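Chain IDs A, B, C and D follow the sequence of writing; residue 1 opens each chain.
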C-alpha cells in the first residue's frame, strides 16, 4: 500500500476505530485536505466486519463511505501508515502503540497510556507545540524510527486551552477545577442510564488525577503550583463544562484577562492548521453561558467557550469553560496533532515520509 | 378561631401555600406533634379554590386531608395564628409578612425579602439558634408584638449546615462553593424543559450573592473571610449538590474533620426538635456519593450527605455535600424554625401564646 | 421597498419571528436560492429590539446576519411583501394574517388558526399540492387579492407524509396514532422541566383533535375512515415520534409497503423544490430505529424516518415514524409551501409578483 | 435451619438477590407479616460478599439489616426454604429453579424462563389465582414435590391487571398496546445513558413477543383474539406506561367501563393478601394523568393508575395505564404470588410446610 493517496494526500491509519472517539476521528478524516484514511483497525472481535456494523453507539451515523469499509487488525502488518491515529483504550494502547512506533510510524494517541511519560510529548497545538522536540529523546531511548505523541485528557485539553493565555502572560500559581462532564466522555455504552437520569455522580475513576497531572505537564506549571479538582458526571450527552478559579503571580485586571483570552491565537506553529479555528477561545458576555446545548459545536467543536469571567474573592479570577469532549477533548485534538506533526517535518515532508517507511 | 387545636396543638397558618415549598410545608404539618394547620392562604387568584385545585406542579400529590381544604387570603383577618409559616415569594413577602408581625404573629419565613435585615434572625436551628435574640431588637424597632424569623436560601442552608461544625472548631478563612442545583429550586413551572434536557445553565439570577451573603450572616464569618460561589442549574428534579473547598485558621487533620462532621449534633437548643434528625450530617465513605438519586431523602430530607471529603492542595480541605432543597433548604427548615421558636418561649408557651393573641 | 432583492430573489417577510419556529424559518431563508428575507416582525413588546435580543430560547444561536436585524410590527404597513411567512401563535394569526391577505400578500402560515377552514389549503407539497386551488375560492369569498396557505400541525405533517404513499395506493380505512412528542413542540419556555425530567405526560391540550382532523383534510380521507390518537410528551428536546397502526381497503404485502414508502418521491409539483429532499421518507431496516438522537436531522430535518415496519395482527400494518417537529413539522414545511406557491404561479412569477403589489 | 422464624413466620429464600428486582424483593420481605428472609443467594461471583457490597445500582440504598448479610450460592444445599423467591435472569433460572422445585421448594419466579410452559402457573393474584391448580400437573409431570409459579413480564402484569376487569365482563377481542418503558426495566447497568438522554428507542429485544403471549395466557384470551404491541424505551428511571386500545365482544359504555375498573377488587383468593391494595386499579379523571413522577408509588407501587379513559373510533375503548415496573411488574408481584401460594395451602400451612421439608 503506498503512503500517498492518488491525490497526493498522506495516508493515515486509524486504530481503535469502533468507539465514539474512533468514529469521530474517521469522520474528520473524510475530505481532510492533507490526509487520506487508509487502514481502519479494531480489536480482534471486530476484525473483518463492516465498520458500520461494528461501530458502537450510533453506528448508522457513519457516512456510507466509512460504514462499508472492512476493519483490519491493530497490527503494523495490516495497518501501518506513516501517521497512525490511535483511539485505543489504555490497555490496548500500552501494548499496540509501541509496536507501530517501532515500525517507524508516528502514532498520534488519544489514550492515557503514555501521556505522562517524560519523553512523550503531550500536545495541544496552540499551547505547547515545542514539546514535540521530546520525540528525539523518545526515539533515542527506545531505538524507534517512529514515535508516540499524545493529546491530553478531555478536561485537561479544554481547561488547559482556556488557561494557557493567562498562564503565559501572568503565571498560574493556584488553580481549582470543578467539572460537570457529559456521558459521552465515558464512551459507549459507558454510564448506565440509571446513574444519569435526574442524577449527578461526583466521581469518575482516575479523572481528577489525570486532570491535575496533565495540566501540570501541558502548561509546564512550576512544581509549587497548587492544583485541585473535583469532577461530576451530569446528565448531558456531550460537552464538558468546568468551573475554574485561579491565582496568578501577578494581579490581573478583568478587562485584560478578557482581552487576552479573546484575542489569543495560540502558538505560531498551530496557526492555519486545517483542524484549528483562528480563535480557539470564544468569550461570551451573556450571563448564562456557556451551555452545552448552545455552545457545543462552536468552531466545529474545536472552539472552547468561556463565560462568567469575573473576579473571585478567593483566588482572584474565575470563569466557566465548555468544550466538546469528543472533539476538542479527543478526536479533533488528535487530528490537529497529526497536522502539527506533519507540518513540523518541514518542506518535503510528503516525499520524505513516502520514501522512508520503516515497514 | 382558638389558637389551640382540640388536641392541644398550636394552631399555625400557612401563607403562599400553592407553590412547591408551600405544599411541602403543608405535608409536614399533617400529623405534626406540636402544630395544627389552621388557615391555608394563597394569592388573590387562588382564594376560595380547593387547595388541591390551586396547588401547582403536582397538586394531586396532596393528601386529601389537604386537597379538600379551601384557600383563604394572605391577610391577618383571615389567616392569623400565633405562628405563621410563609412560603410567599419575595415581593409578596415584603408586603404581607410585616402585616402579620404587626398583628402579633411570629412569621417563620422562607422568603428572601428580609433575610439580610440586621434585626431579622436568619436561622438554622442546629447552627445559630441564639440569633433568635435579634427578635427583641426587631420588635422594639418596629413596635411589633410579633416578628419575622427567616431560614436561609436553599444552598446556604445546606452548605452552611455542613460548614458549621468545621467553622465552629477551626475558624473558616476562605470558602469557594460550586453548586449543581436542581430544577425544583426554581419552583413550578420554573425552568423550561428546553434549558435542562441534556443541558446545564451556569447561572441563576441573584443566587451567588444570596449564597455568599447568607453564609456570612448565618455562620457569623469575620469580615475578612473570602467567599466565592459559582452556581449551575442541572437536569435533576430535586436535590442541590455543592462542591466546597475551604481554608481554616488552623490546619485540620482529615480524620478530625470527618469525625467532627459525623458526630456533630448541633446546638443544644435544637436537639430533639421533631423536625430534626439526631445527626444532621451524614458522612459517606463511598467514592461516588452523595448522589441525588440515592441520598435525597436521608433523614426524611433533613439530613445532608457529605462525601468526597479530602485534603485540597489549594485551600486545604474539600468535600461535596447534597441536601434536599425543598426540605432542608426550605419547607423543613421553616418547620424546624417554628419548632425552635416555640421551644424558645420556655415553659408555658402554649398557655401564653393562646392567652395573648394580638389579634 | 422593492419586492425583489438586488440578486433577483423574491422578498419575503416573517411574522412571529421570535419563537422557536420563527427563528428556524429565518435561518432557512438565509441563502435561500429564491427568497430574500425582508421585514422581520414580532409582537408589540419586541418591536424595535435587535432580533438576537428578542429571540427566545437560544437567541444567541442566531447567525449575526439575523441577530443584528431590527424587529418591526406585524402590520402590512411595516412588513408587507408578496410572500409572508407566519409563525404567529393562534390568537395573533387569527387577527393579523387576514390583514396581510387582504393587502394582497400570500400568507404561508404555520398557525392552526385557519387550517380547518374549508377554503384554506392545508398543504404538504409532496402530498396534496393540488389543494392550492382552494385559493381561488378563498379570494373570491373574502375579496382578497392575497390569501392564506397553511401547513399542518407537526404530528399531522410527519405522520401524514408517511401515510400518503400507502393511502394513495391502498386506501386507508382505519388509523391509530400514538405519539411521543418532544419539548420543543411546545415552544419556549413551553413545558416545565419538572414535568419532563424523568417523566412522561400523556396529554397535550387540543393536540389529538388537531392530529385527527388535519390528517383527514390533508389526506382527503373518506368520512367513514376511523382515526384515533393518543399523545404523550416525552423528555426529548426535539423530534416527534409516532407509533402508527393502519388498515387499508386492500390487503398490503409487507415488501410492497416498504418499497412503496422507500421509492416515493411525492407529487410532481413538489419535485425539485429547494427545501425538499428527493426521497422524503427514509425506511430503516434496523430493529431499533428511528431514534431522535440519530435520525432527527435526516435530509436536513425534512426527511422522516420510518422503522419497525411490519404486519400488525389488529389492523394489518404498523410502523414507527420520526420527524423533526420544528423543521418538517413547522419551519421547513412553511418554507416548502412558500416555494410551492411561487412555482405554482408559473413562468414570469417574479415579474408579475413585482409588478402587482396590492400595497 | 428451621423453616420457621422464631416469630412463627415462614422462612423464605431469595435467589438472584443482587439485581434491582432482587433488592426490591428483599426490601419487601423486611418486616413482612408472614415471611422471614432466610438465605440470600447470588451468582458465584458474589457468593461470600456482603449483600450491600454486591448489590448493583444503588446498593447503599439497602437498609443495614440487609446490607450486612452474607450472600450464599443459589443451590438447594445452601439456600433451600419451603418458599423460594427467584429474581434470577433467564439463563440461570432455567438451570437453577428446577433444582429447587425438585428439592421440594415452591419457587416463585420473576424470570421468563418457564412462564409459557403449559404446566406452569403464570399468576397475577387478582386475575387468575385458579391457575395455581396447574401445579398438580407440573408436579406429576416432573415428579417434583415442589414447583414453579411465575409472575408475568412487567408490562403484561401492569396492562393485564387493567384489562382483567374489562375482559372478564365484556370479552376482549382485539388489543393494541404501545408502551413507554423506563430504564429500570432493563436492570442495572442496563441501558446506556447515551441511548436515553434526550432520546427514545422503539425496541426492546423480545419484549413485544412476551407481552402478547403472556397477556394471552394470563387472561386466557380466545385464540382468535388479535393482539399487537409496540414498545419504546423512554428516559424515565422507573414506571412503565402503556397506551391501550381495545375491542370487546360487547359494546361498552364509557361510564360502565370506568365504574368497572374503579370498583374492581379482583379474585376473592387475592383479597386481603398483605402485598395487595384493596383496589388494585386507580382511575384518574385528570386530563394529564397518569404520570410516572406523580403516580409511580400509588398503593406502595402495587396500584396501577388508569387515565385518559375514553371511547376510541378505531377499536372502541382506550386508556393509558401506569404501573411500577419493579414492584407491580416484578418484586411486588412475586411477593404477592408467594402470599397467594401460602394462603392456597389452606389451614395448617405453617405446620405442614415446616413438617414436610423435602430437604
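What to note about this one:
Here, a contact is a pair of C-beta atoms (placed from the backbone, for glycine too) under 8 Å apart; a residue touches a chain by one contact, two chains touch by 3 or more.
All of these numbers come straight from a predicted model, not from anything done at the bench.
Under the touch definition stated at the top, chain A and chain B share these contacting partners: C, D. Across A-C and A-D, the chain pair carrying more C-beta contacts is A-D. Centre-to-centre separation of chain C and chain D, using mean CA positions: 44 Å. Rounded to whole angstrom units, the spacing between the C-alpha centres of chain A and chain C is 41. Averaged Cα coordinates give chain A a centre that lies 48 Å from the centre of chain D.
Within chain C, the positions touching two or more other chains are listed as 58, 194-195, 197-198, 235-237, 289, 293.
In terms of which chains touch, the assembly is arranged so that all chains touch all other chains.
Those residues of chain D lying in contact with chain B across their complex are 58, 60-61, 197-198, 237, 284, 286, 289, 293-294. Residues 174-176, 178, 180, 194-195, 198-203, 226-228, 230, 232, 234-237, 241, 243, 245, 287-293, 307-308, 312-315, 318, 320 of chain C are the ones touching chain D in the complex. Across the complex, chain B meets chain C through its residues 57-58, 183-184, 188-198, 235-237.
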